[in-house]
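Here the chain labels run A, B, C and D in written order, and each chain numbers its own residues starting at 1.
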């Protein structure tokens, strides 16, 4: 088994795995929302409604492809592609486990350990903005244009605090590569605290989480598709599988951002105090690290659902105000403090 | 028009979003956890606030519910309705049409009175289920039952003819979902009449429109005139 | 409702976009249409456009008898049908000079206050949904279902309950009313507390509602505001206290008054009013229990109602404000003219002044805080 | 001092009061059409009246209110006859339309109806928009339903019906089923 074959298998596996999480995530969202709101949620398609995402998928596939007459055809078709392709491909740099030794070959549970790590994620994140603006403008409907403009402004202005929070991480760990950062989160520091990013960068963590919510257009930042104001924003005019691409892209964004949060701040595959790697054999440690990482990611996915059904929505100028006047000063302050801290301790 | 500018003063805890957000999330977690445990219990009606309607019809419907109509029979199995047309006249939506028929000799056991409705139609598409027909009926013949599943495929099926109305009564009788007999609404007693002027003495309308049965003899004269008008 | 209402005004310059927040829009309550000329996000001119749910109720009133018009009044403010029925019945009773027995008045008070709670629950729930907070809506609506069950056990209908007759009430309270009400009371209070916890001190909610579409008391009176929106502007005006009807003078309850008439104050006033309604129902039920079981429920009313010729206006405090009925009769069995004075009709005409200069999101918040209901608005 | 005397005292001197009727406790003042604005100013500004809240404005069509009933029933044969003679000597019928203003004094919680009669020939009434903005939509609706024009109203258009609607539906001679007007939407593409 030479390297390129392993790479292909890894790519296919992780792609299917992320799609699977995204599919299950739609069910978790609907079921979680229901249980929060004192109602049972989907329970008709399969036991506990588990086939509901399958039903949605089939529905989205079989619906008729309608392109509105006034829509600008090329932009209308390009929109969802430009939104979902970056979303699917950002998971390439996010690890999903430590490493596994199979038949004498050591395989890193990460599609590609690129040493520019989350710069790649930031770049692809801003690519997704094109998908939204083209979709909004392409369908030439006033609400979609408004939705497209809103989401562009929001995504762009929340890239900055996201970048600042990640910059502080680079100060602490000295490297961009997510795998190295994950490895560095081993052991404890200051005696009792596990060596995780959140304890080194508490303010950075909060900044990152808030900016991640804004990037993924999740409540309380779901301005671009605020149903009550602009009739579900940029994907108003979209129908079957194009709408599917937008929705799936959104959920895959969630999975990616949760993966990055866990990898940077929550000690991706390390248990707080016990180092399992030493006790378990190479194969079982690979699987166990995969499961630990997945459990942490699912916690953050649940956080997205949980927050969505608790909070009201921001207004457009408040989102901008919070972004520019709130988070960016905090980000700079965080970088200053981290730099000071490193200067004093090293 | 100078809009009064409002100064927003927040406490520190309110100014940072997180504290209130966490309190809100604690509350929603409470609901989630309660329902999460609830939905593991077997049986359809697990979450108390939500009825799985088609499977779980255990919700108790009030006996006075105003649902699909039915034409009642008295205890000897004879149709009570005497086709007086009061219900057709009082109906705000004008959805009841009756044609009168005289009772022949051999049909004493079929109809309670001398006249009976040859055809009795209620157009469910026009009916607003206000219950005026059952309230004004002197013989308590037409009554609104507890059936609310009125969806039908064609318009014609939505016209309830006499046969269907009697069938509804039959079904309700078997299921024991009959409407309790109408309680007489107490009315303010008649004021003591010191002098006997002609109009008050004649129209001793003892009760309001609800219990028309107990009218004084003179009254039917006026009533016959009322019934003639279409 | 012509095709481009803003063509003749000066808003044709190219950086204005005319958005048609049309009759079928996710956050329009019923069929309301607003033609908003926006410069980016801020609204330059908002012109409401009504009439999509106009059923000609007043024309219908002139062709039905007095008794037959009662079910039509259910369909005006369909979130709380009972105050409409009672207001119409009180107008006809005033015209005929009929005095309703006390027990019937108490039943009317109890049922009206229950309808008030249900209406406020819908309004606050929808206000939450329009601002993105989806969950409080469900907590409130579940309690509203319990209230509708009481209506169902009272006279058989949940929403269009054709409550009462001219001259009194057509049925007594259900015998298990006490048990249902004692069960319901803590739940309603719990739902209100949860909504308060989720929303009131939440900074996102406060940013979205404080200072949004504020209105000064003079303007509110000038525009004919009544009800919670007028009280939110700081004017202490409640028909239940100023012009007591149906034995309201026997109950003790406070009237909440806001400070600066914005969406937040309307929300708070409605929340407090729900609490007051619970107190009123308790006091009314206590009085009701002291009444003898066979106390009269209906006044002495002839079978076909023919009020003497004349015209009368009678109003009561419906959940949205002063709901008045002007009934003119010419002595025949059919009313000669019925005019309905809906509370949200006056408030919705002030929308341009309420929202101009604010953002599209505030327009949506303002409309749901006014609780404009198309059935009552267009009649 | 009861409301009737106070209103007479305030409106009487400039002989604004055409008629004053009382029905079940509601006082209603009829005022000549041409000086409706002065009456409203007087009613609002005089201290002891203080009607500062306009509750509603609406039209009434009295088409056949004054004519006798067309089908006198057997029992009321006698009365039917008297009504005919009585309306004969009263001369021409009073003007057909009426605009009723409902006023309210917030401090004393007193209500007053001010009535203005409008002939079919000249359907013009001064608008109260300058005194109370609350009269904006009700006046538009009165125009929409009865055809009563309000001079000085900023935006007198049809409120409930669509603009191309030709008739005035609430008039007594307009049939209940409508005259079959359809709305033709013009799409401008």
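Rule of thumb we're sticking to: a contact is a pair of C-beta atoms (placed from the backbone, for glycine too) under 8 Å apart; a residue touches a chain by one contact, two chains touch by 3 or more.
Quick caveat: nothing in here was measured; it's all calculated off a predicted structure.
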| remark: Separation of chain A from chain D in touching-chain steps, minimised, is 2
| remark: Of A-B and A-C, the pair joined by more C-beta contact pairs is A-C
| said: Please identify the chain with the largest separation between its CA centroid and the CA centroid of chain D. | reply: A
| field | Most centrally placed chain, judged by C-alpha centres | value | C
| said: Based only on mean CA positions, could you tell me how far chain B sits from chain D in angstrom? | reply: 39
| message | Could you work out how far the Cα centre of chain A sits from that of chain B, in whole Å? | response | 55
| note | Averaging C-alpha coordinates per chain, one finds the centres of chain A and chain C separated by a number of Å equal to 45
| query | When the centre of a chain is set as the mean of its C-alpha atoms, what distance in Å lies between chain B and chain C? | reply | 24
| note | Going by residue number, chain B touches two or more other chains at 21, 24, 27-28, 31, 49
| task | Name the residues of chain D that each touch 2 or more other chains. | result | none
| field | Of all residues in chain C, the ones touching two or more other chains | value | 135, 142, 198, 202, 204, 207, 219
| request: Give the pairs of chains that touch; include all such pairs. | output: A-B, A-C, B-C, C-D
| Contact footprint of chain B on chain A as seen in their complex | 32, 34-40, 43, 48, 206, 306-307, 309-311
| For chain C, which residues count as touching chain A in their complex? | 17, 19-20, 25-27, 41, 128-135, 138-139, 142, 198-199, 202, 204-205, 207-208, 359-362, 364
| note | Residue positions on chain D within touch of chain C in the complex are 23-26, 28, 52-56, 58, 60-61, 65, 69, 100, 102, 106, 109, 111, 113, 132-134, 136-138, 145, 157-164, 169-170, 172, 174, 176, 186, 188
| query | Which part of chain C faces chain B closely enough to touch in the complex? | reply | 64, 67-72, 101, 135, 142, 145, 149, 152-153, 155-157, 160, 162, 165, 167-172, 174, 194, 197-198, 201-204, 206-207, 210-211, 214-216, 219, 260-262, 294-304, 353, 357
| Parts of chain B lying in touch with chain A, wherever the complex brings them together | 18, 21, 24-25, 27-29, 31-32, 35-36, 39, 46-47, 49-50, 52
